[in-house]
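To start, I am sharing the structure in question, which I have written as structure tokens.
Each chain gets a letter, A, B and C, in the order it is written, and its residues are counted from 1.
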Amino acid sequence: MAVTTDLAKGLWWRVGPVLTVVAIVLAVWYAAAVWLNAAQVIERTLSSQPGWGALDLIRLTLSMDRPVLPAPHQIVLDLFDSITGWPLDSPRNLLFHTAVTSSATLLGFVMGTLLGAVLAVVIVHSRTLERSIFPWIIASQTVPVLAIAPIVIVILGSVGLTGLFPKSIISMYLCFFPVAVALVKGLRSPGVMELELMHTYAASSRHTFWKLRVPASLPFLFPSLRVGIAAGLVGAIVGELPTGAQAGLGARLLTGSYYGNTVQIWSALVMSALLGLVLTGAVAFAERALTPGGRK
Amino acid sequence: MSSSTASPTVEVQGVSVVYPAKEHTVTALADVSLNIQEGEFISLIGPSGCGKTTLLRVIADLEQVSAGSVRVNGMSSRDARMARAYGYVFQAPALFPWRTVLANVCLPLEIHGIAKEAARQTALAHLERVGLKGFEGKYPWQLSGGMQQRVSIARALGFEPKLLMMDEPFGALDEITRDRLNEQLLRLWEREKRTVVFVTHSIPEAVFLSSRIVVMSPRPGRIVEVIESGLPADRTLDIRDTPQFTEIAHRVRVALQDGHGGDH
Amino acid sequence: MSTVTLVLVLVVLVALAVLSVRWLAAFDERGFVGRFGTPLLFGAWVLVFWQILVEVFDVPRVLLPAPSVIGHSLLVSLPVLAGDFAQTVLHSVLIGLVAGCALGFVVGVLIDRSPFLQRGLLPLAALASAVPLIGIAPIMVMWFGFDWESKAAVVVIMTFFPMLVNTLAGLAESGHMERDLMRSYGASYWRTLFSLRLPVALPFVFNALKINSTLAMIGAIVAEFFGSPVAGLGFRISTEAARLNMGLVWAAILVAALAGSVLYGALGWVERRVTFWHPSIRSGG
């Protein structure tokens, strides 16, 4: 039927290229796994077995305990085992670590967004503050803010605050900048004509703020929320590094690298990637739900 | 047409607007005086820089005068604005893209604190008046330029102001749409007898729409001549081919050329 | 000094600070003094109050060292910090940034002719921006060792995708009329690319370069949190923080901040020279 062929063609047009690229990546990955792991396999196992062939090599390189590069299926299996094989509150279950990291991220995200919003509103309404603080906020975007993470952990640790709170402070710090900058831009985006229109209605500044500035700022806000939550996730993960935390995806990455457990590292990495996708996807979903009528 | 016994709706007396600029000051308006009676349709016409938009904005309290006074409905222009005495239509529709057409027309009513249901009914009535019944649920970007401008006119009619200020509202539209909108605006004015102050570049438009045409010229901005129209009230677009129309248009053109003193 | 005198002095200083900043903010609107003077004055007052409050309230050094302490640490540890700077910025950041951006740019140009590959790679690039790529650091350490090479590898991965996306967006930016003009001259694909499409793409490329400079600094420093030999700004920050040697930590952060701003500023300077024709540069940025 013409309809189904059109549908199939449309689907292929959208999804086909991505699938092709993914297939290529997987193929290259498997080949790389064989190549990178070969040296160890040959040295440890095969050299003592006479007459080994390519198939033996492939089989062994793709099922090592501590490979240089784990095969994709090894990672998937490890993830599956970790999630299903252990109770949810066990440190052997990746979901436990995911929950730890995501709670810090979300808390930091909420705090950072609120702080950024408040600061943006204040800056838009005060000339003095705008000219004295806003240049610093813009300049601070060029500074590797994440370098501050260890300090925050140590300082807060010295006053007895450990665990969730310091990590969420780091996330908050990272979310706050893009949100503040984008909101200032967005709140100031209405043009002279729209502002004069409100003037002809003798609208109070409260009216102008809520009926004009805030809706006009939403298209600026949502992309920055996506950036903010991705940055917050990075902040939470990095916050788990300095003091050898025991829980969280960053901690898993660190312990994996200390003990040379490659598969664990890759599993934690894939899990963090999935978490990042879920979080930014949620923001994108919220954006679509809150933007009327498909306006860009 | 104009009853000179009642006090004028708009009184402009000796108004000057001077902008200080780097090299030399710019005199947008120099000692301009004009009285507009209730129910008149006044066009301000002239080349760029003649101050017609400045005059409109001064009456609407969107700009300050350097000298002279403006009174609207017996009040200062600022008090008139705070009392929401007029509706203003800009050169571009200036609709809010996040609001539907209906919500856009409701905007001034919301600000004035009118109840939601009453506002909706009023807005729907206005949209029907400008010929956009059925488009309430659409968003601005789904409409053509002419339709968007009609929405902005419906919005300006929103709270039934007696005075309507329009700044080249049809300037960005193609001629065919413009003609149609001119006719609709004229019919609207005839039905409702509001006072309209209309800024335009176009001589045919000014002559077609107005009861009085105010010709202005630049450097400094001033009124050169005020021409009474005298065209019959129930005119249609066909009147543009009559000798009476052509004669008025000719007078306007001559006044414009006189105003420049020949340069251009 | 007695509490009353102290409070009085503080009140006077606060009043002075607020008034001077407000005066300067209202002063020269567009000029140099107004635009740069106000934030600088504000920053100077922040330093003054920081110093006073830390000394008056005897804030423990762990919590917040005074600016004087940081300045002192900076001067004393200059050779160490210089070595860290060379390791992190000159090696990991610059080499990684150049490699990652070059790779992203070249791939962008190469797949310009293949809409199929573009449709395949762009969604992946979008995914990459949502994912904490920094997590790849321990793996890079396993592959490339503890030294700067592994950090540079992290930087390459982090900067590749933004440059790719921006290069493609920039190459798509040239208008239909201009491209038709080149066709009317019988210009080949490569000629059109070099004479028209690449210059039009430059503002986008610079936008990505600036974003990437920040990403590179972050990537290199944070990658060092995962394990580094005996030098590097990230290494210095994390190890000295663990030792509660806060003066040196803040000094290292200051060096990193300065390096980041200078790098960004330098790129901005080059951008203004190369893309002088673009409306955003012409209107004053």
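Everything below uses one rule, namely that a contact is a pair of C-beta atoms (placed from the backbone, for glycine too) under 8 Å apart; a residue touches a chain by one contact, two chains touch by 3 or more.
Just so you know, these numbers come straight off a predicted model, no measurement behind them.
Comparing the chain pairs A-C and A-B, the larger number of C-beta pairs in contact belongs to A-C. Placing every chain at the mean of its C-alpha atoms, the farthest one from chain C is found to be B. Taking each chain's centre as the mean of its C-alpha atoms, chain A lies 54 Å from chain B.
Averaged Cα coordinates give chain A a centre that lies 19 Å from the centre of chain C.
Across the interface of their complex, chain C is touched by residues 13-14, 16-22, 68, 127-128, 131-136, 139, 141-151, 153-155, 158-159, 226, 230, 233-234, 237-238, 241-243, 249-250, 253-254, 256-257, 260, 262, 265-266, 268-269, 272-273, 276-277, 279-281 of chain A.
Residues 21-22, 25-26, 34-36, 38-39, 41-43, 60, 62-64, 116-121, 123-124, 127, 129-132, 134-139, 141-143, 213-214, 217-218, 221-222, 225-227, 233-234, 237-238, 241-242, 244, 246, 249-250, 252-253, 256-257, 260-261, 263-265 of chain C are the ones touching chain A in the complex. The residues of chain A lying in touch with chain B in their complex are 193-194, 196-203, 207, 211-212, 215-216, 218, 291-293, 295. By the touch rule above, chain B contacts chain A in their complex via residues 60, 62, 81-84, 86-88, 90-92, 94, 96-100, 107-108, 110-112, 139, 141.
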